[in-house]
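Each structure below appears as structure tokens.
Note that chain A is present in both complexes that follow, paired respectively with chain B and with chain C.
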Partner chain A sequence: MKVTRILLTLLMCCLLLVGCNPRYERKVIDDINIATGMGIDKSGDQLKGSIMIPVFKADKSMENFLFTAKGTIMRDVAAQMQQKASQPIFSGSMDVALFEEVVAREGIVQVLDVFLRDPSVGARVHLAVVDGKAQEIFEGNYGDRGNAQYLKDLIEHNMEGGNLPLTNLHSFLFNFYQQGKDPYLPYLKQESPELVNITGIAIFKDEKVIDILHENKMFYFKLLVDKFSMGQVKVKEEHGEATVKSITSDTNMKLTKRKPYEITVQIKLKGLLTEHEGTRLEKNEVKDIEKELEKQINKTCLKLLEDFQKQKVDPIGVGHFVKTKTRNFNFEKWQTDYQDVTFKVSTNVRILEVGVVE
Partner chain B sequence: MQQSIPESLKISPFMAAFVVVSMQIGIGVLGFQRIISKDAGYDAWMSVIGAGLAVHIIVWMMYKICEGVDGDVMAANIFVFGKTIGNSINTLFIIYFTMTCLTLLSGLIEVIRTWMFLSMHPIFFASVYLLLGIYIVNGGFRTVVGISLFGIVVPAYLLFSFLAPIRYGDFTNLLPIFDHTPVQMLKGAYNMTLTYLGYGVLLFIYPFIKKPKESKKWVHIGLTATMIFYTLLAVITFAYFPISLLQKSIWATLEMWKIVKLPFIERFEYLGLANWALIILPNVAISLWVASRVAKRVYHISQRKAVLFIAAVVLICVLMLDSRERINIFHDLQAKAGFILAFIYTPFLYILLLIKKKVNAK
Partner chain C sequence: MVRDMSIFFRRRRRQKEQDDKEQKKQPSSKGNAEKDKDKNKDDEKANKHAEEWEKELSKSTDYQKKDYINRKTGKKFIFTFIPTLVEEKVLDNNALPPLLEEEFLKIIDVKKLLPIADVEVSSDTKKIAQKLLDGYVLLTLEEDTREFAFFSAKKTVVRSVTSPEIEFSVIGPKEAFVESIGDNLNMVRTRLPVKELIIEEYTVGKLSRTKVAVIYIDGITNKEIINTVKQRIDDIVKDEIADSSYFTQLIADNGNSPFPQLLDSERPDRVASSLAEGKVAIIVDGSPHALIGPTSLTEFFNAFEDYFLNWILATFIRMIRLFAVVFSIMITPLYVAVVTHHYELIPKDLLVTLVASRRVVPFPPVLEALFLEVTIELLREAGARLPTKVGQTIGIVGGIVIGTASVEAGLTSNVLLIFIALSALASFTTPVYQMSNTIRLLRFPFLFMAEIWGILGMTIAFSFLIAHLLRLTSLGLPYMEPVFPLRLHDFKDALFRLPFSSQSKRPTFLRTGDSSRFSKDKAKKKKDIDE
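Coming up: the complex of A and B.
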């Protein structure tokens, strides 16, 4: 009995120690290259991929190193990069993936297939379209936390409190695969070697970029696509300019008529006055600003909706919305019906606070 | 005749629910959403509820069968069909539960190989895992039940991880409801019954429950909890994925973990997956126990020897199931067998038992 017990213990130990065999993909963090950013550019008729890895130095500072390679499909590019790297590159901690506008206009879904198939890439990767070369953005030097962290923070804080709608790999794929909805991504531009700016939103038709929304329309776009949104907007009124910060907003679509479809978009916005030009805030001025802002939102949102209609894109998800209201919805028929939809926008703005001065 | 089980080896009625629920939640949870929405689309959450209610009826029948003979299903088989045919049917149970063990283990190994360790050889993982299973079964039935409790309570925190995808979900995906024909929804319900499987174990543990009447309440509460969990999980998944993306996701539950963000771990799937090994453990232990117990009752061999033999068979078969395709074929086979056992065999046996009792009474 004792002998069998000892034998069993030994056997168990052997089997457990198998886990320590380096053959089983033990990945020590010091012995791998952690890819934090990926960029795709066009070079001739090939793709040029670049992968950014952080290099941590002994004096606690860090630098970025860039691997680049050319190829026709993504995995091929990645394999070539591995040939150049002294330590294997892993993508489990990817923060940003950037696409040159030219590439994005030709379609990025074949690139995203790599992400979808590979379980090691997270769903929170931020995708963005770049004005200029993605490689150039990675070659810049943005602060001491590393480029990837900078780009990630830039996008994230603008989604939290700025005018950028919520986007990441998951929401891109969600909008892409959702019938009756088209995806959109932030549009970045390198202003100087130390700064990157969000200059708009790239609107996709299926997998291709067809339009870039200018940054002064981003607030209105975010109102339409996001459920709760923070953001800043400028209002012009008779006493001068004022800015309103939205705290919460609620957008509801209502199908008011069928054949032809008529859709009313109701926007409720609660905000606070953050800046006001003029010496005093007159008695009814807050009311005036509310009215003015309502008018402004109505006009711009309607313009946006009609522009999308003209371009036959649907980032707001009007098609999906009508589908949720219709049994046996026919998406092919919708393609033509969408052109005949009339939109109405009605906004209700309430300014709750005016700050700490009168 | 049924030998009576000593009181000290029995479990409290409350624990029966844990055995049933831990047997229900296995490898299917990781990817059932894709399968049920294949036919019923995003109305499939109603199929989940429908199938859950059907399970209650089957479990009610199982209790009636066991009460009728005051023993387990093997006694019922012998009572209804006589010794020879009854024991042949009982032998099929050994095969069925060996297959169950194999399905769970191969499913777990496949997930681990796809998500974590590509080059892991199944033999190492399977042998350690089966050794653990044998060890638990050798500890007796009460140990098996203890592990079932563990396998539910310890990983229960994973429930919170399913709150993270809600922020990215669009619940209007589920609208309009009743967009599919009743036939499509029934197909969805049929596919869902496969994920619910596992309550059949009740037929075998019945003699081990103290005051079996009291356990009914707990088992039905347990089944309802599973149903609510599956329904909520389905609804969250449907909100998180548009339907054409869901149809591409083999393990939708795992994919949802990709969005979870925690400050101390970059990728939550690895944590969840490691925990899944703990959820599968009671399943493997219970199915080994049932298979070896049936072997003991039918062939009068010692349970310890039987469990060793069954584990060896499972180990060899795991090595043969080495590709997605083969595993798929095998899982389909196992699912069909489970469906027949629950929804055809159980009512059939119940009706025969009623008739036989009537005849005997006359």
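Coming up: the complex of A and C.
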């Protein structure tokens, strides 16, 4: 009994000491500034950070407010912003983090370090590289749900139903730390003060952007890196143009030969015909479209793979794939081996539906 | 019915001894002792006592002694009784006509003569005082006072059987227990007319001498449970028992727990069905609530109406109720925790609403929540203490006026007002009143912990709650059964209510003498002709 009492007292002490942890300071929602977006731009030699907070009004509408500060390291920038804010800024509810292309070309891991060390920042923060200034994007006005929500929704709905492959802080860091795989992020551009467009995909070599993939290749890129694609693609065949919306896609890599490596990428795609030039579908036209699309995918994907090879980047994770098939895999040797890999792409397209109009 | 009650009881030896002890303390003797012609030593002693008990009783004005003369034999006989306890109709219509008209010589003859079932001939003078206080009439013959007769003429003020108010059900039986133990036992007996149904009577309380009946089914109910109940009732030392809820507190395994450890029910059907499961019921005289034990936590969230509904509906309703309990305890603390500590958890779209409604409130979330919680508790308490008609007004004044006004005045946020109102509503879904009070209380420790450490604090509070519940027992059996110890078979009638065909076994934790209620194979067969 005495032992239990002592143990209980100790337990109580432990519980009470938890209260000493400064993380349990009160953060009452109307007494804090909730950061929803963060942008990093280059300004001279220094970084210029901007943090977007929503300002809630009594009539339940909201506005965006931007804190900006300059500095060389992120923590310094953040500290300067706290000096300007009337209420403390907390970053636990961050939705998007945008990087100016110039910054991204110099490397973003130093900035991401702030996120990594803060447990309140979630792994589902969306990262993106911006054509132009991140601050300008935040300064736009995109509807009454708030800029952060707009940007988040923009990226998310294109991942779920569009041609954008899945990216967020989690997947970026996974790709970054995984040997034989390079990260990629969406590439945004402000079209007008009310609109932001996804214009491509920023391809990283380690932590630095080295190339921007054009938006018309995004579908093929998503086919290669993602297991599931809901994107839409245009096909040209003898009867005219048609668009095919993919429902499911499955990509498999096969190591068909070693020394030199030969890799076959098998893509299976099931889709439906969403648009077709010409009123009627001729006999066998669906078959033609399927074949044409297969050809098109084979050609573009192979081009993509070879381009990446030339640029010595590997967003598809070929190195990672070969590693899983090889005992005592040597990454240093792989750097040279990667250049000699021959790729083959074989695609199988099935159009399941052509719509109600015959 | 009440007169016949003692037939139901099997008195135990120990009880008698106890009775005797009590009687020794009270002065008692024969009636009419002063007229006794026998002059042996015992009688002299008795005379002294007689004067004493008569003195005591005659201090009250409701003590009467009446002489009558038989018309045939001219014999004088005397009625001694307490008129406030005696039904005069019995005296006028049943007792007096035969005694006045018919011929009788000895006191033994009275037993045949009187058209009353409960007639006792005795020479034990010690009994007299208590018998008179139990509503019996003492009959003595003038010449022979050594032997005398008692007959029961007890007047009981009883209300008639009404429909259950606390455990109301739309369908199903509409009778509820009343204050008379005889009527209550009759209702249970009628529902279980088997010889194995055993009723044991005890008397508890030096002053109130409350009759308590322990009911069980011999051969089904575990002996150990019965013995536990008997022993605990024997150990009660309270002088006065007003209601069965006294018993809940007096024989509870842990008197310092906010959780009720015996299920109280005003439904005879529920008691009967619990007995059939192998449980023990306790009925206390003067209380319209029977106690059922051993019980488990889940049972407090089962309404008896669940059995009148199809099992799918019943299971659905039970789930709703369970959700309501968790919701009722957790929602206000969760609001405080999230708004004070965990802004990350709030969806962005909700953030606008929350911040906009919080903005005008000058207090921290916990004070705001406490203000509303206390208001609700005040309303409930005021409603419960006031007469029904005034109570309704209080509900309207409290609910609408105070609620709206406090939001408009900026004392509370309207989001919290919705949560508080919902949680109050949810707490009413608990079918057992005692448990719904417990749930009312549980909210507050969670609220304080949520204020201090947010969701971590709630987790700590929850751990303490679970630890307490795991330690709790009801009549020595685990309170958290079937969750812990895990008895998968008993889930059939705990969180869910499976169809009757799969309820063929009695609950395993009761360790009944006969675990099978009916043959499962027979239950599944259907004898339709056209198949």
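Here are some notes:
In the analysis below, the second predicted complex is superposed on the first by the 334 of 358 C-alpha atoms of A that agree within 3 Å, B and C clash if a C-alpha of one lies under 4 Å from a C-alpha of the other, contacts with A are read in each partner's own complex, and residues count from 1 in each chain.
Keep this in mind: contacts are C-beta pairs under 8 Å (C-beta built on N, C-alpha and C of every residue); 3 or more make two chains touch, one makes a residue touch a chain.
Here the structure is a predicted model, which means the values were calculated and not measured.
By the touch criterion defined above, A:Arg145 reaches chain C but does not reach chain B. After overlaying the two complexes on the shared chain, residue contacts for A:Thr274 are found with neither chain B nor chain C. When the shared chain is aligned, chain C comes close enough to touch A:Met62, but chain B does not.
In the superposed model, A:Gln339 lies in contact with neither chain B nor chain C. Using the contact criterion defined above for the overlaid structures, shared-chain residue A:Thr256 touches neither chain B nor chain C, since it reaches no partner. In the superposed model, A:Gln178 makes contact with chain B only, not with chain C.
Legend: residue contacts after superposition of the two complexes on their common chain; A:Asp30 is shown touching chain C, with no touch to chain B.
Look at A:Thr248: by the touch rule set out above, it reaches neither chain B nor chain C.
Within the superposed three-chain model, A:Phe90 lies in touch with chain C and out of touch with chain B [touch as defined at top]. Common to the chain B-facing and chain C-facing surfaces of chain A are residues 15, 18, 24, 92-93, 120, 122. Only residues 11-12, 15-16, 18, 23-25, 92-93, 116, 119-120, 122-124, 170-171, 173-174, 177-179, 181, 320-321, 323-328 of chain A touch chain B when the two sit together in their complex. By the touch criterion given at the top, residues 114-115, 117-120, 124, 127-128, 131, 168, 170, 172-173, 175-176, 178-179, 240-245, 248, 254-255, 258-259, 261, 266-267, 269 of chain B touch chain A in their complex. Listed in rising order, the residues of chain C touching chain A in the complex are 339-344, 346, 348-349, 351-356, 358-360, 364-365, 452-454, 456, 460. For chain A in complex with chain C, the residues that touch the partner chain are 15, 18-19, 24, 26-30, 32, 34, 36, 54, 56-62, 90, 92-93, 95, 120, 122, 145-146, 148-149.
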